[in-house]
C-alpha cells in the first residue's frame, strides 16, 4: 500500500477544513447541497457521456489503485527470472514446465508456457508485446476517466456559479442579500476546484505513474523470457535486467 | 446502444434544470433567445468556416453515433475468424469463397476476397492498412467537428456576454436595471458553458473512444486475415487474437 | 468553391450584428476606431515580427484559399492514372511521353516525366517525396500566420482593454462617466474575440484541413506513378488507389 | 536584414503609444517604475533560474537575430554545389581540395573536406547529421529563453497587480484614491502583456521559423555533399536539390 | 555550481520584497500564515497523492540540483575517451582494464568493463542504451514533481482565495471590513503565483535542461566506447565526438 497518497488526501482536506475552522465564518457557510450535486453529478454525467458504462462502473476500483497500489518488486522479479534461467540452463527448457505454476508475473508465466509449448521466439515476443500494448490501452482508459472528471468538475463548478450569479442579479430588490447570494454562487466554483485538485487530477497523475512502473516490470519480464528461451547464461541475463533498477538497488546486489 | 451516454446527458440536464427549479429565480430568468442564437449559431457558423459542407451535413449523424454505437463484439469476430481458418485449413483457401458472403466485418470480407483472388500477403496487407488509415482519418474528421463546436461555443458565449456588458454599461441612466442587464449578459456565457460541457466536448471524447475501439477490431481483422492466408493453425490464430481481449473475456473461453 | 466557409462568415457576422440591432444600445456604442486599430494593427504587427515579409504579403491570398478552395477530385485523378497505366501497359512507358502534357496533377506530371527520362523508381520516389514534404512545409507556414493572428488578436484586445481601464480609473472625477468608459474599454476585448473567432482561428483550422486533403491526393499521385513505372496492371492499380476514396464514392464506380 | 520584424515592433509600439496619446489620460498615468522592474526584472530572474548564465548572456544576441537574420540564399547554395559537382565530375574528387576554401556554407565545407580526406560516405553523413542535430539543439535553447521570458512576463505582471490590489484594499481610508490605486495595480498586468506580445512571444516564434529555414539549407548541403561524393551527374544533383525551392524560384532557373 | 539560478531566485525575491517596501502598505499586510499553509501544504499534499513517498522524499535533493548542478565537462570527457582509445590502439583492448578504475564517467566505465570482459558490441550498446533510458525516466520523474508542484500551487492559491471571498461575503454586516477581507483573500492567490513562478516552474524548466545536457554527455560516452571497442583510430574518434561541442569550444582545440 502506498501511504503517500493517503497522507496527501488527508493533508489536503485537513488544510482546507482547518483554514475554514480558523476563519470568521461558520462551517455552514461552506455547505450547499445543490452546488455539490451540480459539481459531482455534472462531472459524473459528463464522464458517463464520454465513456462506456463498463469503464464508469470500474472507475471507483481504478481510483482505489491510487491507494492500494504496491510498486512492482523488480528485484525479486529479476531474481526469479534468473533462477528460472538457471533451471533452463541446467535441465533444458522443458524442465521449466513444472515451475511455471509457481511464477507470479503473468507475462513471465504465459511467455514461458509458450516457449515450453514450442513457439518460436518471434511468436512469443509478438504475443507478449500485443499483451503489453493491450494492457497499456486499459491503463490509459482508466486514467482517462480521472482526467475527464478532473476537467469537467471545474467546468460544472463554473456553470453552477454562473447560474447562482444570474439568480442573484435578476432579483436585487433586497441589496443586503447580495453578499450572501454571491457567496453561495462562489461555493460551486470552490467545490469544483477542490474536487479536481484534491481528487481527480492527482489521481490521474498517479495512475499514469503506476502504469509507467508496471510497463518497466513488463519490459523486464519480456526481455527475461526471451533471454531464457534463447539460452543466454543466467549471469548475463542478470546483468542485463539489473540495468532497469535504479543504481541504489543495484549495489544492494 | 450505449445507454451510458444517454443517461449522462439526461443526468446533466436534470441537474442543471433541477438546481434552477430549487433556486429563487423563475425559469424565465434563464431564457434568452438572442443569447441562444449567438452561442449555437456562432459555434455552427465557426464550424462551417472550418469544415467543408459535407462534413457539417454529416455531423448530426456522427453525433448520433455517441448514443447508437455498439462496442464491436471482438469475441464473435475472433470466433468467426477461427472458423474461417478451420475451413481454409481443411479445404484450402479457395473453399472460403462461398463463405465470404456471410462475413460481416468489411475488412475480413475484402481481405479474404483478395486472398482468394490470388493477391500476395504483402498486397493484401497494404490494401487493408491503407483502408484502416483512411477510416482513421474519417473518424478524426468527425471528432474534429465536435471538438471545434466545443471550442467555439464558449468563445461565442463570451462574445455575447461582452456585447451585453457594453450595452448595459453604455446606458446606465436607470441604475436599478444594472443587475438585470448583467444577468442577461451572463446568460450567454452560461449557454456556451452548458452546450460545450454537456454536449460537444463529451461527444468529441466519446467519438475518440469509439474510434480507438474500432481500430482494435480492425487490427484483429487484419491479423486474422493474414494468418489465415499464411495457413497458420486455427488454434495458434485463436491464441494470438485472444490477446487483444481483456483478461476477463478471455477466461470466458 | 467551398460555399460553407462563406455561409459561415456571413452567418457569424449576421448573428453578431443582429443581436446588436435587437439590443437596447445604438450601433454607435459598438464602434471605436482606436480599439479597432489596436486589435487589428497589433495582431498584424505581432505577425510581422514572427514571419518574413514574403509570408505576410502572401497571407491575404492564403486566406482566400479558405473560400476559393475546391476539394481535389480524387475520382478523376484515379481515373486518369488508370488510363495512363493502360497506355503504359499497352504501348510501353515511353508512349506516355506524348500524354504527359495533358496531365494536370503536377506530381503525376513530373513523376512520369522522370520515369520516361529513365530515372530509377527509387530516384522518382525520392524527388516526389521531397516535393511533398516541401509543399507540406509551405502549407504549415501559411496556416501558422493565421494561427498567430488568431492568438495575438485577443492578446492585443486585452492590452487595449487594460489601457482603457487605466485611463478610466486614473480619472474618476465624473462618476457618471464610469459606465461609458468601461464600455469603451471592453470594446477592444470584444473586437479581439470577434476577429479571432470569426476569421483567424477558423481560417487556420480550414487551411489545415485543405492541406490534409491535398496530402491524400498527392499520396495517390505518388503511388500511382510508382505503380505505373513498375508495370502493375491497370486493374490492380485502380483497386489499390480506390482504397483512398470514402466508401460511398467507391461504390459509385 | 529582415525589415518585417522591425516594422512590426515599431507598428505595435506606435499603435499602443498612439492610442494613449488619443486617450483622455496623460502619458504619466501609464508610467510606473516599480511595475516595470517587477515585470522585466521578474521575467529575467525567472529565466536566470531556468537557464545557465551562458545562455542568458547570449540571449540579447539571439534576440538580434530576429532583426538581422537574412533568409539563407538557397538558389546560390544550389548553384555552388552544382559547380563543385562539375569540378568533381571533370577532374575528380581531389580537385575540390583547392576550392574548399572558397566555400561559404560550413556543412558543405567540412563535408567536402572529409570526402577529400577519404572518409566513407557513411562517415561523412554521420558527422554532418550529428552536427545538424547539435545546431538544432542550440537553436531550440535560444528560442526557449524567449519562450520562457514570454511566459514569465505576464506571470510577474499578475504578481505585481495582486500586490497592488492588496496594498490598495488593505488601506481604503480614502475612498477617492481607490480608482488611482487600481489603475496603478493594473499597469503591471499591462506591462506584462505588452512585453510578452510585442517582444518575447513573437521573437520566439520568429526564431523557430529562422531555425526551420536553416534546417532546409543544411539538408540541401548534406544531400549535395553526399551526391558529389557518390559521383552523381551535376544535372541530376541540380534537379534533386531544386525540389527544395518553392516553385516560383524554380521556374526562374 | 550554477550561479545563475541562485542570482535568479535572489533577484526575483528582492524585486517582490522591494516593491512591497516601496509601497504604501506595511509588510504585515502581505503576511498570512493560513494562506501560506493552504498554498504550500496544498501543493505538497497534491504532489504526495501523485507520487510515491520515495520520489517526494528525494525531491528537495532534486531541487538542490538546480543550484549545485555543474554542466558536464564535455571537452575533458572527449579528451579522456581519446586517451583511452590511444591505449587500446597501442596495447590492445585488454590493456584498458587497469585504466578503468580511473575513469569517472559511469557509462564509459561500465561500457569498457563489458568490452574488456568480452561482450559483443551489440551487447554493450544494448546495456548502455537501456541504462540511458532508465536514467532519462528518473530525470523525468524528478522534473515531474516540480511540474506538479508548480501546477498545484496556483490551484490551491485559488481555492484559498475562494474560501476567503466566501467568508467575507457571507458576513458583510461591517462594510468597512470588506476591503481588508478581500485583501486577505487575494494573498493566497499571490502566494500561489509567487511560489509557482519563483520556484517550482523555473526549477522544473532547469531540471529539463540539466537532463538534456547530461543526455549529450551520455551520447558521447556511448559513441566513444563503441568506437574504442571497434578499434577506430583515436584521431577519427576525436573528430567525430568533437561534433557534439559548440563551435567555439571546438576551435579551442
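Per-chain residue numbering starts at 1, and chain names A, B, C, D and E are given in the order in which the chains are listed.
Following the convention adopted for this analysis, a residue touches a chain if its C-beta (ideal position, glycine included) is under 8 Å from a C-beta of that chain, and two chains touch if they have at least 3 such contacts.
Keep in mind it's a predicted model, so treat the numbers as computed, not measured.
Chain D is reached from chain A by a rotation of 145°, derived from superposing Cα atoms (nearest 5). Chain A and chain E have CA centres that are 25 Å apart. Between chain C and chain E, the centres computed from C-alpha atoms are 40 Å apart. Looking at chain D, one finds that none of its residues touch two or more other chains.
Chain contacts here close into one cycle, and each chain has exactly two touching partners. Put simply, chain E touches chain A in their complex at residues 34-35, 37-38, 41-42, 44-53, 56, 123, 126-127, 130-131, 134, 137-138, 141, 144, 148, 152, 155-156, 158-160, 162-172.
Residues of chain E that touch chain D in their complex: 2-5, 7-9, 11-12, 15-16, 18-20, 22-25, 29-30, 66, 71, 179-180, 182-183, 186-187, 189-190, 193-194, 196-198, 201-203, 205-206, 209, 212, 216, 236, 239-240, 243-244, 246.
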